[in-house]
Amino acid sequence: MLIHPDRLFPVDPAARDVARRLYAGIQDLPIISPHGHTDPRWYAENEPFPDPATLFVIPDHYIFRMLYSQGVRLEDLGIPTKNGSAVERDPRAIWRRFAAHYHLFRGTPTRAWLDHTFATLFGFTERLSPANADAYYDRIDAALRTPEFRPRALFERFRIEAIATTESPLDPLKHHETIRQSGWKGRVVTAYRPDPVVDPDFEGFRGNLARFGEITGCDTLTWSGYLEAHRKRRAFFREYGATSTDHGHPTARTANLSGSDAEALFRRVSTGDAGPEDAELFRAQMLTEMAAMSVEDGMVMQIHPGSFRNHNDAIFSRFGRDMGADIPSQTEYVRALKPLLDRFGNEPNFTLILFTLDETSYSRELAPLAGHYPALKLGPAWWFFDAPEGMRRFRELTTETAGFYNTVGFNDDTRAYLSIPARHDVARRVDCAYLAGLVTTHRLDEDEAHEVAHDLAYRLAKEAYKL
Amino acid sequence: MLIHPDRLFPVDPAARDVARRLYAGIQDLPIISPHGHTDPRWYAENEPFPDPATLFVIPDHYIFRMLYSQGVRLEDLGIPTKNGSAVERDPRAIWRRFAAHYHLFRGTPTRAWLDHTFATLFGFTERLSPANADAYYDRIDAALRTPEFRPRALFERFRIEAIATTESPLDPLKHHETIRQSGWKGRVVTAYRPDPVVDPDFEGFRGNLARFGEITGCDTLTWSGYLEAHRKRRAFFREYGATSTDHGHPTARTANLSGSDAEALFRRVSTGDAGPEDAELFRAQMLTEMAAMSVEDGMVMQIHPGSFRNHNDAIFSRFGRDMGADIPSQTEYVRALKPLLDRFGNEPNFTLILFTLDETSYSRELAPLAGHYPALKLGPAWWFFDAPEGMRRFRELTTETAGFYNTVGFNDDTRAYLSIPARHDVARRVDCAYLAGLVTTHRLDEDEAHEVAHDLAYRLAKEAYKL
Amino acid sequence: MLIHPDRLFPVDPAARDVARRLYAGIQDLPIISPHGHTDPRWYAENEPFPDPATLFVIPDHYIFRMLYSQGVRLEDLGIPTKNGSAVERDPRAIWRRFAAHYHLFRGTPTRAWLDHTFATLFGFTERLSPANADAYYDRIDAALRTPEFRPRALFERFRIEAIATTESPLDPLKHHETIRQSGWKGRVVTAYRPDPVVDPDFEGFRGNLARFGEITGCDTLTWSGYLEAHRKRRAFFREYGATSTDHGHPTARTANLSGSDAEALFRRVSTGDAGPEDAELFRAQMLTEMAAMSVEDGMVMQIHPGSFRNHNDAIFSRFGRDMGADIPSQTEYVRALKPLLDRFGNEPNFTLILFTLDETSYSRELAPLAGHYPALKLGPAWWFFDAPEGMRRFRELTTETAGFYNTVGFNDDTRAYLSIPARHDVARRVDCAYLAGLVTTHRLDEDEAHEVAHDLAYRLAKEAYKL
């Protein structure tokens, strides 16, 4: 049996029984996926996925970073190089390499997500291994050619009630338009991720500003025109269902400059006449500007700070961004957020959802902040921490100070479409296990635990993200 | 049943049995409360508490910060504003609002403390809810009018052997004098908390210095006179039973300036001619000066560092201090304490008890320091961490390096009088659960665990604080 | 019974059964001890250990730091002073003092290591106490006079397959030469620890440089001669079995200076014309130089950063180094290691093993780095964290991101020879307990867990250290 019905539940029989009962009440709830990176083209075009390697290995940085750390070359996994030099083209060869290293994922969430997918979607009962790699390949490959494995069919099979993709302001949202025109009922919304026009260190920032002006018809070389472009583009995104914005900055720093200082700063960064401190200050100021617009337009704001992007120079030069070399770093929130919170922290109709890659902030900073400010909510355990132990720590380190109701349920945050049910299932199980612990140590009554389990699996995400 | 006899014990039956046996041996021990913020007026005047809302909701920042974070206005909870503008005056309306949001406290220590109090003092067996809010109110309100609910009767019912309040050097200690004159046998002592005359950033610091001079008859505008005023006032506090001092600074920084540098620094801060770095340095120097006096007079010293006070400007302007907007921040100890430890860390008759709001320091800094320096001891899990998971982490992160005997038992540190038995009970249960884990994994023999349980519940606090 | 056969296994019966089965498969595996500080003289001369106090108490900073923290003077434990002033000379008196304070070690790994040693080597069944201190002393003292307790006999009894000692480049390795000449088959190798000639803040650094030149015949007052001396000395160490280098720096900082900048920096530090920043930069540059040599000569590199050495001035003045006053401090890796990783992080034949005293880095920095860079591996929980809870946290905080195969098994890192089997046994038990948790929560199949247990206990250390 590849996946066990009691996986991730407490070992103690009494606690396990409670967890089973809690889980039984929520396991079939629809999926709300308010934050992620699936490709809207899938839903728009509804084409079959090409082959097992292209579906599972090549786009998944969790997988190839682990293989790379153990000496497998990215070229041999078919990862395309920037200069177009030769890489492995045979998907079966890639798949065999992956299978040969499957033991590396022992104890990792990648293993749990994959086994769940292999078992529930393809009916496998035996662990992937070099011996059965070809049999795995063939069965998956055959399945992908069937109508049941087209993106929209999977969407429905996964019971996705709503999913958000993430787009740059420069994106024309044509896939979203296609979806809308198609008459298909699946609810796929966009989210506004303005980093390419907000972060002066983003590749091509000045060109992006120019393009931003063309798209919006605003003079994005002036501060007021630039802000107006954001307002217009946010409105455009809302037409395609967007209820949220997202901001991936190196730090959580915010600023609250005077209008003239902000304008002067914008002039420096927009003309390329800005150093690292100006870039950081501009990102900081823009978080506060985005908050101001959220107060106006009701879009929920998310901050995902603290990743040192593209840490490995050689990999970045050869393969580009998102190659598994983004590394968390220490992240401060208490001082960083104060300028923004001084302006908008007490706003009744503003929601700012905070994420972290620095677990030390959970109990020290994030839970105390979220347990006080009306505007703040805590996003779920993120990225490297979207895993059973990471999720358990999230609850243990935040609940006693912030409670459950200053959190927002689960985000899968994934590019790996087929893993979505597995990820939500892990989150639901871990939360049920945590609640079962509270119940069996008599900190929470079981009737309440059922209600909380439902809230964490469904209601809080739906309400926090206005979906 | 509102509280379960096995609450907080391990789920595994074998471990639970051990925990029960350990707890049975200590559950009825008297309470030593060596550090807290109850109001000495209660014991002096022995007047009834006015009503349920005024007793439970209005003064408890754990409660109102959570309600505020979920959109309840402080005005609607009866929190008085600084400008005297209208707030809710009806205690029953406040109580109903509190009851309507009782689910927000699921998984928090506030819930555990309240349920314990409701069950053991008022006999409730049903969880507080909107439906029974009035019944709760009426029963509590009636009880508060009876002699059994006067402060001194509760003191005796709680089996408090000794309790420390906390006063500023500017406090005349008249309530303590009244208690002494009254002939009542309850042991209520004061503690010396000189922040108002030590911290240049404290509201009214310069006025406080002047008042400090008037009270002590010392020339507190000179460095030597200022120090002499402290010595005199510490002696005065000792007349009212004080055995400890307490220091709530933004950081743990200490300094060891030459006499002339210290004098020059005092001149700058006492004349208002000092910037933030001078203020920080003066606080740092004063920790070392207080340590020097403790070496002389035997008072136990406590440092509670790392809170960013009054983080929410709007709340501070409207409602003042202690409104649930104090947020922990990262706190360094190794370098910060060195100047003080270089002078007094090896003193055999000096005790410095360290607290933290930054749990990362437990295993990295505090346990290694306390496991070496004779003068250092670790205070219990504090504030946001005075909760089951927080206490468990404290033991798991400190015991292997510092052992049990460099810790000092439990502090309730509370303003909420009725919660004192609940808080000590939680601490005793969590420690018994931790010890039961050691026993059942064969790291500690059960006879030893009984002794340690007794030490943690009673002896260590009594000895460390000389009570 | 002093040690229980199920110690450190999970309490739940089902999980305990799995742990027992896993442990049964690995408990008798030979010991690979790739990093430690035992004295090669023991193996060379094979003389009896003198007496219980000299064997157990005087050299063990875990023991005397705890006693010192509770008011026992180091002089009364026989710790020699630098000025040769009188200290306790009677080993039995020292032993009695130790026994009188044995309760201080409750809950600490020291207690577990000692009980294991007392039980398995000397047959004790009763806990050490003041009452049986003399009986303990006499039995141990008698045993130490027998051939079975000579160092080589113990080596064989402990089933040590290979052990590494640690020597300075200035060490002539004569004990290693004696071992080699003796024909004894025990595998004792050295390791290259160049701190005395790499760290400008090391006591006697400039004298050490001169001596380094004499030993190697290189002109160690020039940058090229200095580097050449390292190359020669590394080769010499390899003749005595060395497969690794080790670097104990205050931080993890690395640098990648140009040749001329490095040369100028070396000139400043070698002539004593360098401040703290130069010293730090030189250490940083030397880590990268050592990495360059490792790429050439295949020696595995280890970094042990983050200890604030000799924190207690009075103790350092009176007793010298390594007196239990080394305190961890916050340690950053992501930015610190980048210069070195930019040059060598992707080298297929280079291994850099990272250790930490700052547990916050496990999940935030170290696991993400090791889960990406081919050159990086994670060393086991170190020093204060080489204890059951510390080891559990290490696995919980690293496995989900880095897996098991970017870790390198266990290091005992000890000076306490008799504790070696106990330490490896604790590590094996804690890993089995962790794996049993994965198996019983259905995250790992039991057949895989057996394989991982074997890898963690034996194979990974052997392969990572090339032993």
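Note that the chains are named A, B and C in the order they appear, and that numbering of residues resets to 1 at the start of each chain.
Rule of thumb we're sticking to: contacts are C-beta pairs under 8 Å (C-beta built on N, C-alpha and C of every residue); 3 or more make two chains touch, one makes a residue touch a chain.
Owing to the predicted nature of the structure, the values given are computational and were not obtained by experimental measurement.
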item: Chain contact topology (line, ring, star, complete or other); value: complete
item: Rotation angle (°) superposing Cα atoms of chain A on chain B, nearest 5; value: 120
item: Centre distance in Å when chain B and chain C are each reduced to the mean of their C-alpha atoms; value: 40
item: Overlap residues in chain A, where contacts from two or more other chains coincide; value: 10, 12, 360
item: Chain C-facing residues of chain A, complex; value: 3-4, 6-12, 65-66, 68-71, 103-109, 111-112, 127, 308, 311-315, 324-325, 327-330, 357-360, 384-385, 387-390
item: In the complex, chain A residues that touch chain B; value: 10, 12, 14-15, 332, 334-335, 338, 341-342, 345-346, 348, 360, 363-365, 367-374, 376, 396-397, 399-406, 437-438, 440-445, 448, 451-452
